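Note that chain A is present in both complexes that follow, paired respectively with chain B and with chain C.
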Partner chain A sequence: MASRSVALNKRLIQELHKTRQEDNPALTYLAPPDDSDLHHWRAGLRGTPDSPYEGGVWDVDIVIPDNYPLAPPTIKFITRICHPNINIKTGEICLDLLKSEWSAAYTISSTMTAIQTLLTSPEPDSPLNVDAAALLRAGDTMGYESLVRYYVWRYAKKEEDIL
Partner chain B sequence: MDADFPDPTDWIQTPVPGLQALETSLRCQVCKELFTAPKVTSCGHTFCSLCIRRCLSASSKCPTCMKPDEEPRLRDNIVVSELVNSFDTIRKSLLETLVAKEEARKQAEEEAQRDASTRPKRSSYDLDDDGIMEDAEPVHRPRGKRRRQDTTASRQTQEIGPPRRSTRTSSQRINSRIGSSQTPVVVESDDDDDFQPIEEFSEDDDFRSSSRAKRKPTSRVPETPTKKPDLVPCPICSRLKEQSNIEVHVDRCIDGKRSPSPTLGRANDASSAGTPLKRQPISFPNVSKLQHRAPYTAEEREKLRLPKGNASLAKEADIRKKLREIGIKCDVKGKDTKQVLWTRLQEWTNLWNANLDSESPKTKPVLIKELEAYERSQLAQKPSVVQNKDFEREAWSNAHKPGFDALIANARKTATQKKEDGTEAEATDQPLDSMAGVQAELNGIGSPEAIEA
Partner chain C sequence: MSAATNFNFSVIVIPSAVRSAAANLDFPTLNQSLSFALEVSSPSDFQTLYSEDTKGGNTFKGLLYVPDLDPSDPCDNHDLVPRNVTRKANLPMDDLKLVAYAPLITQHCSRQYMYSAENDNVAAFIFYGVPAKYSNNTDPLEGEGYPFEYPVYYLDGSIGQPLMNKLSEYSANMSEVYNGFNLTEAGYDIRDYARIYAVISTKNTNPMPGLWLFLLVVVAVLLFIIGASSLLMHLFQFHYRRSLRRRIANGEVDLEGLGVGRITVPREFLAKFPLYVYIAENGGQTTPPRQKVQDTTAPTTQPVPKEEGRRKERVKIPSAVVVKEGVSIVIPATITAERKSKGKERVKEKPRSPTAIDATTSPEMAEVSTSKGLTLSSPTTPSTTSRSSPKVQYSSTPSPQPRGTQTPTTTSPPHPRGYHQTSCPICLDDFIHQETTVRELPCLHIFHPECIDPYLKSQSSLCVLCKQSCLPKGYVPIRLTNSIVRRERLLRSIRERSREVATATAANNGGNNGEGGILWRWRLRRLRRQEQDLMGRQALVRVGRGRGGGFGLGPHYREQRVVEDVVRPRWRETMDRVFPGFR
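So, the complex of A and B:
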């Protein structure tokens, strides 16, 4: 811990401070689960309103590398979610923003907003969930949406339960 | 927490939440701190010198707009650095006064609710506000166009007693700083042109690129007009002359040295610089300038920006030699690879160049310590097992053989299944699982993630 950069810890505390002051509408919470480790955060991601994900809340695991913000955080879904670009078993997310297109100007909070946007704008051409992507590519929007709704109903936390 | 980690959101609770936006603009998007030695990119975004240098060495893109950019193109953002300095000096007292005011207002409100006979608080507040504003206006005026940028901030300061004083002093400070910081600009427009290349040199981060530019002055021509639209360098004596007078001047220059040529008037057109007759007079003065500047004193060398170099061209021995010359340890953990050495040199270059930009430069030993601390923080990650040099492929593949076999069998099964029915997979749990196998295989069968999945 001591070897970790002071500047990074300062930035993370600042980000944390900011999330406490300003609510991100995409999230139910965003904080490190353990106060002693600033490099590991958890978040509750809300499903976008007016989408099949509406009403669901997913726990998301965020691991911040030592060279953050030059390198992106590693973000995984803990709660199972059905999405063409999210691995249904590991929760791994395929999003260019978390890989090649990462920029040091992003924050954890803004990255989570980007992931929420990914929910409603899937990219079936680079899938991590081949079945969901196949449905979308075949143009079966109704089938896709009911599959998503089933997973929301079956696995995701419900927003009304949390509030 | 608020005291230790000042943040734009501190202003939300004050009577002027608009200050949040002001402070957000005064903070670097990368480190979220107030700018230190702000630099502006060619796309117009401002970052701390060290932050943007680190970002650009990681990926040559502006972190905000993702447009490609390079380090030598960075320029100082003097106004922003002044804004940050003056904001930083008033921030604490401003926040304290505003918070105190807000608390006083809340208290007054509570009292007003409790005691109905009190006079309406609202009207007295407005009156108070206006009275002081009119009074404060003349104090504010000398700031000129700077005034518009932080009206909200200063207006609020003027509303209360003590910070008004600090505003005035800070405005004076700003004025004096403008005076001093604009001196180089005045020198730049001065007709003494010998100064021009030196100034260019000190600003240019890449030693080689600038010396290259001196050999071929025509390549620099497009850049100069962006700085000083009216001044054009004469292709012969390379003095800056007004564009309207350049033809007359060029003719005079040629008369002094060579026989006049009618085409030389347009000599700053790159295509016309091709014939040997025209090239000679162009190159001579520049070569002499190069020779003139070649010997740097030790003091001057300490103020030079370091070049970035090229990773694939640099040899490991050269990098080692360079690092040793600077006084940086090589081979901190056993034998460092070329990649590690190169990264170290790059980080040193970033630290060094950013240090030169800062108002209070640190000494070399301090910088070397910083480099070591930074590297320790970066190398704290554990490398993946597979990437490890001692990684035993045989043992690994034996240990995970069942996993590999299952994946292959699974993939074959789904492949034949697909051939048989030829339709797309149905959206039920069963095919999802089998597809996950194929997909894990697609992800790279040898990777440990695939096996764990």
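So, the complex of A and C:
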């Protein structure tokens, strides 16, 4: 177990270095909030440009399990976000990449990019936010987008505030 | 109710010496040519008037006699009943079973006869019909309840009256009975009794058992139908399972693509994946920096300064390795000269390790490099076929040769090709030219064995990078259940239908709008329904997983894949077990 945790820390440090070297355009920041705990990261996720999420920034909580990268990290939204596959209260994300389709070749940074992609390609057939999914399923794109924009305006951090 | 089927009258001889019924009427029957015998079996000749609580198949036996009536009783009609007919007094013993016999005159007379018979040891009562001038032909049982314990039968008059006359012939001793002279001549004792003996056979005609039997038959038929269809379905499912296994074995079905369970690689297969010493694509270019780094980092023991040193190294070398998710690395291999404690250990061991590897794994490698290597690497995706050519070339060489080339230490290249990958995608560590031992999967991706082995053993059989299965084609690692079969058939039918729809659409657009229209529309609708079914089920699984909370750690994570089977109620499971095809 000790050797594994050493390997895990090694990989996390590697990932951290890489995130410092190459900026992920989907993120405003990606780092452990506490330097002593490498298993807990935070990220600021940008809303996809040209989508109702544009301009918003959401804080995302990343908990890394002991058997990472064999098992996926646990990722939750801290900032409230309106999305069919994200629980509005707990911030839990329903994404197969974070469950069955996880691969050890994904890094935390690439996973965050995948979550950003999820924002613009929701899957209303397996919803965690039933109301948003119902709007999408009924074909009310305008209603769905205005709901999303409201939540962006009401809860998300604004990109211009950060810069 | 047990109805009579057969009346048999015959003459038996009771020896005068017998004074007890212990012999139980097991007396010899008189020779038929010398006496009299009558059998009534035509259903039109008799009726069963009453029989209660008697089981079917019974026979009632006894000596035939006419019960005594009060001499003043008008029923004692001597036109019908001869004076010398066999009476109770003419029978040898008191405790013999008797069958009473009387004409059916009036209801009153029947009653009188039956009450009289009640005092005797009567097994049954037979009435016979008489001409209308004597009788009003009423049912002897009409009116008050029937208080007697013996069954009552009715014989037709055309048989009954002659029988009554016969009965009068066998009432006296042997010399006086019909044909008595011949009988005594034949050797019968003159004091013996020759009497008419009646045997009434019955059969069960109770309507209630008939109903029960009918119900029983219906239930049995139903059970048989259920059992037969269950058996048939099981047979079909067995056939499907076998054919699926065969198709998996032939490589026609991708088991991983079915999304069933978690398939891992058993240890014995894992050991067959070759271990090589890593050779960079552009060979020796990396050696000088490695030496340098080895020198600089060797004395350091603390991890933090080493990290800093590594970062500096990284900055110096511009073309750093970039891992892109799910894509094999295409960046030219400039090995970054970074090292960690583990890497250092490996450096120290390395000069000896190739031989060690050779000693331990060379049989498997030899196996791999011959025919098995070809099947193991059997690439299905076009991207890997292009890449597999060096592999094939390599495996076509005789097996001792790579071993021979590998036995020398790191100075000579162990095998003639370089790898595109420069780092292990699991730990993100860079491979070191001619030092790192790497495990090559059938898809030709390489990893640190200590990184990939636990993953393949416990998590998945798919390559981390390209998601191609590492299991040999045709290997069926799990028990094929009916739900897997069903899933595969559903997926296949959807695939076939969509292809069909595509061709049909093309045909329809081509101008064939007439006859094919309805069939085509029906097929389309069916296809759509099946798709929805599948999507719905997948959604259920996904939602179930999502709500399950606590994403994926260890066994819990593994369980989430089979949620589909857990949410179903028990009766559905039983139903599925009995009828494995309904769903």
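Simple rule for what comes next: the second predicted complex is superposed on the first by the 159 of 163 C-alpha atoms of A that agree within 3 Å, B and C clash if a C-alpha of one lies under 4 Å from a C-alpha of the other, contacts with A are read in each partner's own complex, and residues count from 1 in each chain.
Here is the rule we use: a contact is a pair of C-beta atoms (placed from the backbone, for glycine too) under 8 Å apart; a residue touches a chain by one contact, two chains touch by 3 or more.
In this text the structure is predicted, and so the values were computed from the model without any measurement.
After superposition onto chain A, the partners chain B and chain C occupy overlapping space and clash. When the shared chain is aligned, no partner comes close enough to touch A:T117: not chain B, not chain C. In the superposition on chain A, contact of A:T74 is made with chain C only, not with chain B.
Once chain A of one complex is fitted onto chain A of the other, the partner contacts of A:L128 extend to both chain B and chain C. Legend: residue contacts after superposition of the two complexes on their common chain; A:D96 is shown touching chain C, with no touch to chain B.
Contacts of A:G143 after superposition on the shared chain: chain B is touched, whereas chain C is not. In the superposition on chain A, contact is made by A:I88 with chain B only, not with chain C. In the superposition on chain A, contact is made by A:E22 with both chain B and chain C.
Working note: chain B versus chain C after chain A overlay, options 130-138, 202-210 or 238-246, clashing stretch identified as 202-210. Counting contacts by the rule stated earlier, residues 7, 10-11, 13-15, 17-18, 21-22, 65-67, 69-71, 103-105, 107, 127-128 of chain A appear in both its interface with chain B and its interface with chain C.
Contacts from chain B toward chain A in the complex involve residues 1-2, 5, 7-10, 12, 29-33, 51, 54-55, 58, 61, 63-64, 66, 373-374, 376-381, 424-425, 427, 431-432, 435-436, 438-439, 449, 453.
Listing the residues of chain A that touch chain C in their complex gives 7, 10-11, 13-15, 17-18, 21-22, 65-67, 69-72, 74, 92, 94, 96, 98-100, 102-107, 110-111, 113-114, 125-128.
Partner chain A is touched in their complex by these residues of chain C: 259, 307, 311, 314, 320, 322-326, 340, 342, 425-429, 450-451, 454-455, 458-459, 462, 464-465, 467, 535, 538-539, 542-543, 545-546, 549-554, 557, 560-561. Within the complex, the chain A residues that touch chain B are 3-5, 7-8, 10-11, 13-15, 17-18, 21-22, 65-67, 69-71, 87-90, 101, 103-105, 107, 127-132, 134-135, 138, 143-144, 147.
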